[in-house]
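Structures given as structure tokens follow.
First subunit A sits with subunit B, and in the next complex the same chain sits with subunit C.
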Partner chain A sequence: MNTSSSSQRFNYLFEAKLDNVKNLSPVLKAINFKDNATIFINDKGLKVVVEDSKCVQASAFVGEDLFQEFHLRTDQLVFCLDLTVMVECLSILDNCSSAGTTTALNMYYKSIGSPLKLLIEEGGIITDCSLKTKDAIEILEFDFPVENELNKIIFRASDLKEILNDIDTNSESIEILISPNPPHFRITTNSITNQCYIDIPKNSEAVEIFSSKSPISAKYKYTQLKPAIKLIAVSSKTSIRINEEGLLCFQFMIKTVSKLVVYVEYLCTPLVDDE
Partner chain B sequence: MKFRGKIVEPMCMRQFSSIVLTLCKLSKESVLKLTSTQLLFIISEDNAVPRRTMAWCVLDRKNFFNEYTIDGQGDNNEINLQLFMELLASSVNTFKAVDSVKSVKLKLTDKITPCLTLEIELVTSIGHSRLCVHDVPVNVITRAHAEDYAQQPPTHNYDISIEMPNLKKLRFIIDRLKKLDHFVVVSAQGSGHMCFKVETHKATVSTFFTGLKVEKCSNDLDEVSSVRVDLRKLSHFLVCEQIHPDKVTCHILNGHLIHQHLKQYDVEINYYLMAVDE
Partner chain C sequence: MKCNILGQNVKVLARALHALARVGDDLFIDMIRDRLLLRTVNSTQSAFAEFIFLNRFFTFYNLETDYNDEPPKCKISMKSFLTVFKTPNSMDRMIDGCELSFEPDASQLILKIQFSNGSTKTHFLPIIECESLQVKYKKNVPYKITASAKLLTGAVKNFRVNEDEITLSVSPQKTFLKTHVDTNTESSKIVHTELCLLAGEFEYYNVGNPLSITFCLKQLRAVMMFAESTSLPITILFDTPGRPVLFCVSNEAIYEGNFVVSSLSNSDSQVTSSQESDSSGRISSNQPAVINRVKPALTNKTVNTLESDAKTQLVSSCATSLSSASKNRRQSRDDENMDFEFDCSNNCNDAMDCNDVDNQRLSMNESNFDYSLMNKVFGRGFQLSSRPFLAVTEKVLAYDSDGLEFSD
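Our next item is the complex of A and B:
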């Protein structure tokens, strides 16, 4: 690298390079259920957090190993931007690639308050996106300690997706039960006209790991779980945990096109029972 | 007033139908001008006062019709018809991909209202002949009003004439940009660069194409000529990618007008996009 370009490079607080933008765009698309996203960048990688009405939080962790180049010239960066626009930008050249070629992405962030620049290139077509950033607003901090984990199930996502395909899309709420005794894992959907159960026993093929110390059940709003159901579809493994307060935590392992792994966490607070 | 034309070649049917299907995206109504040598579709811009031509599409009748007779008005021997493109499109759609169509006859008939009648002759798998008739109601434009559609908009002294990038790719990109805003700034340079830029309060997104052939450039090579146009209208034009044009040229009159000129062996489409102020 010549000196002029390297000296210019140090002007940027953050820059990263990705050979194939498709390693990143599907993950961000999957958590794009709200426009506004908070982005955290530290030396381990990039975290994108999306929240909805202080009840739902989805965060995607993209490790720095996914990027071919990753330079951060400060401890941590936090800013907000419009994720919908970012996802559109990342997929702008999606249908322009000829067979066997990939779309490259360069990301730059010059200084606090400056826009996040995306440079997307494919077969001589260059797209330059400048996404306005805002100061980060405070995000929710859910406490989900691993030590006193009551119960945890890891599913094979493809099977779970098939099972959840049958779910009643008119449901108002969904109740999830995890118990050491049968039925082990039960999803109950409630709508005005009907109630429907789906039971998955712990010896089902869909279940990879099942651990439960005491039965727990909590109710969630269907609309708040919908983004999670979408995430199951793109993931290869899904874990479900519920803590004593009924806080639901999904973890998704998503394999990117280059066979690298990205993790997404989805937290959802329970409905307060009105009975 | 009489008109009758017959298309026999499957290629010509397909081409005719894809042209109509492309043009029907541009506007609901169109004027079909029939002359002894050409068929013209003239589309006016919606809600523009005075009337402004948005698209001027010329089909050479020799290359489409095996039989063609016209007995029209005036010295020019013309017939001007106003019709709903969607109705014509749904008729021509029926012979777009069907191999069993033997011939298509277009004629002007007087049913309850004047109609452009399409008689589609089909052959069944066991060799029977079937006739399918579509009537597209039309308004015959009187000679006095036909004046409005007599002239193609004049060509200006354009700042730059540049070859358009691959339309298929551009269409995908424009469709993405459509989700961000309603307007796009199209700019070109004599050096062969073209840029499509969308600016919103959330983001600025520009896509650059390089190495495009410049046909004519009245300014310095690095001077930028740009026009801000309606993104939706530009994307409508890009649908013409489906007629596989040989060449599409973009003429830019800085700050005023984009004139897209599409040439395909026997067809020529001119599309005029006026600038939109901020």
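Our next item is the complex of A and C:
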């Protein structure tokens, strides 16, 4: 057994084992707002990047510590695949599992251009999936330096989720204001039937850290923020930053079922006012 | 005007709004001395719903007006209110309270929701008009039954979701709930549901002579939804067929909800023909003329028995003839449903219209007595009668001629 697996091993550029697929699938599901995803693999772990119309970028960082086995026989791997199909494959045994059992996952990537193989096993049933990969295309590089941040708020995600739960879906744009003075943090939605301000003061229980040097406000398209609102729902902590140009950066800390942490970053460009 | 509502009660208010939203598209808000009234009427004006919240419901209630002043009132879109209270279930967990305020001449209603974690949500809802809606109905009617929401929900659950109307047959010992069958539908082709409830199962049961009354299920479902969540009993008040049915949900001296629904004027199988002969005697077969007569009567706020009766009957007959016409299109073209055809006259695409109706009817999955559809077909007729309403600030609908009192 050992000999056969070790001899096999060296044939693959990348190989990983995960005891419970539920550690990975919810995170990928949450960023699956577009089909195409670019996957980066290095010795630190896995990064899955999804983009939409050159305005929105979501990246999930899955550390190698999440996997029980993680072997990479090259410096870095980059390829594209259809994330929707991958998420479907990962959740293929989701609803038929009896309570208490977990689904294990083995991932193999043989060489550049070959498909990503997923072996999903539960209670002796093995599902073999082969996902076609494509050459990676260029992805956006947003510059968001940590050193001179203007503002940063960390929210308890459960509170933020409740507050944003019934946000007006008819509103075309959402304005976000962060300011050192009251109202500190304000989300404005505007539709024909309803205009709404959501104010969260810095001393609110929902806020864990608040820092703001000067007021900044920017408008974003609701449809582009929608995936971020979904991510808030699965995360346990959410940080929000806006830079001088209005570029919005969300960071989500997501606790997986095995109490490990996965980070997701969500960047969104502002709407440019015509006036 | 300003009032504050505490967390638990916000949930009640949210549920009341959801029930009202199932009836009409506009919300009329009135503040009269010690109470807040939320009212709505459906597009064909065959159903009306109101909730009355007494000042005890609020933690703070101030009209900020003198008694001589006009009490504050406004009309806003139901949709805008619903976006505020989208999820009534989780509302009380996070919400500390809610503040409702508006200035006499403001163009917006301000709703401020205070969350327990210190954040706030401020909604500005545009006011469409400053008019109010008034419907007079009487509560002292010969038939009165009270049942728990659970009993009624359990009973109504057995009906198909797309069931439009049901017939309630009462006798001193038992009550039957059954599917209403149209005159022109072949009764063998549809599913019949019939349920029997014994008088003992009701909390209150006052029934004289046996009586059958047919009404639309949609509003009853709205009331049940509210009553179930607040675990309050529903009282059904009714009179002879053709008179409105009243569903009441009341939390003694804090708030109450009243839903007035018109009933079919004659529930036996001869409904259309008997109605026609009945009405032709008094009003002749020229129905648009009837509508025209309703118009001056309503503007002058003097509604006499004949005309208000005619209106209820009209609504009822529309309901029957529409469903029969759509289900049995070919027949309807040459036999007794001339009243239906007449309303669409001057319209060269008669056949087309019917076709449309048919298609829409088929695509309907929900249990709605499709008033919008009815409105489409009868659009012209009803528009005629509703036009004068726009000019006056107070609407008085002729639901029950006996119940009308004319106060100046």
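Everything that follows uses one rule, which is that the second predicted complex is superposed on the first by the 270 of 275 C-alpha atoms of A that agree within 3 Å, B and C clash if a C-alpha of one lies under 4 Å from a C-alpha of the other, contacts with A are read in each partner's own complex, and residues count from 1 in each chain.
Everything that follows uses one rule, which is that a contact is a pair of C-beta atoms (placed from the backbone, for glycine too) under 8 Å apart; a residue touches a chain by one contact, two chains touch by 3 or more.
Keep in mind that what you see is a predicted model, and the values were worked out from it rather than measured.
Of the two partner chains placed by the overlay, only subunit B lies in contact with A:85; subunit C stays clear of it. When the shared chain is aligned, subunit B comes close enough to touch A:125, but subunit C does not.
With both structures placed on the common chain, the touch criterion links A:206 to subunit C but leaves subunit B unconnected. Of the two partner chains, subunit B is the only one that A:93 touches; subunit C does not reach it. Contacts of A:159 after superposition: subunit C is touched, whereas subunit B is not reached.
Once chain A of one complex is fitted onto chain A of the other, the partner contacts of A:193 are limited to subunit C, with no touch recorded for subunit B. Contact with subunit C, but none with subunit B, is seen for A:168 once the two complexes are overlaid on the shared chain.
Across the complex, subunit A meets subunit C through its residues 159, 162-163, 165-166, 168, 170, 191-201, 203-206. Chain contact summary for the complex, subunit B toward subunit A: residues 165, 169, 172-173, 176-177, 179-180, 200-211. Residue ranges of subunit A in contact with subunit B, taken from their complex: 82, 85, 88-89, 91-96, 115, 124-132.
Looking at the complex, you find that subunit C touches subunit A at residues 77, 79-80, 83-87, 90, 93-94, 108, 115-126.
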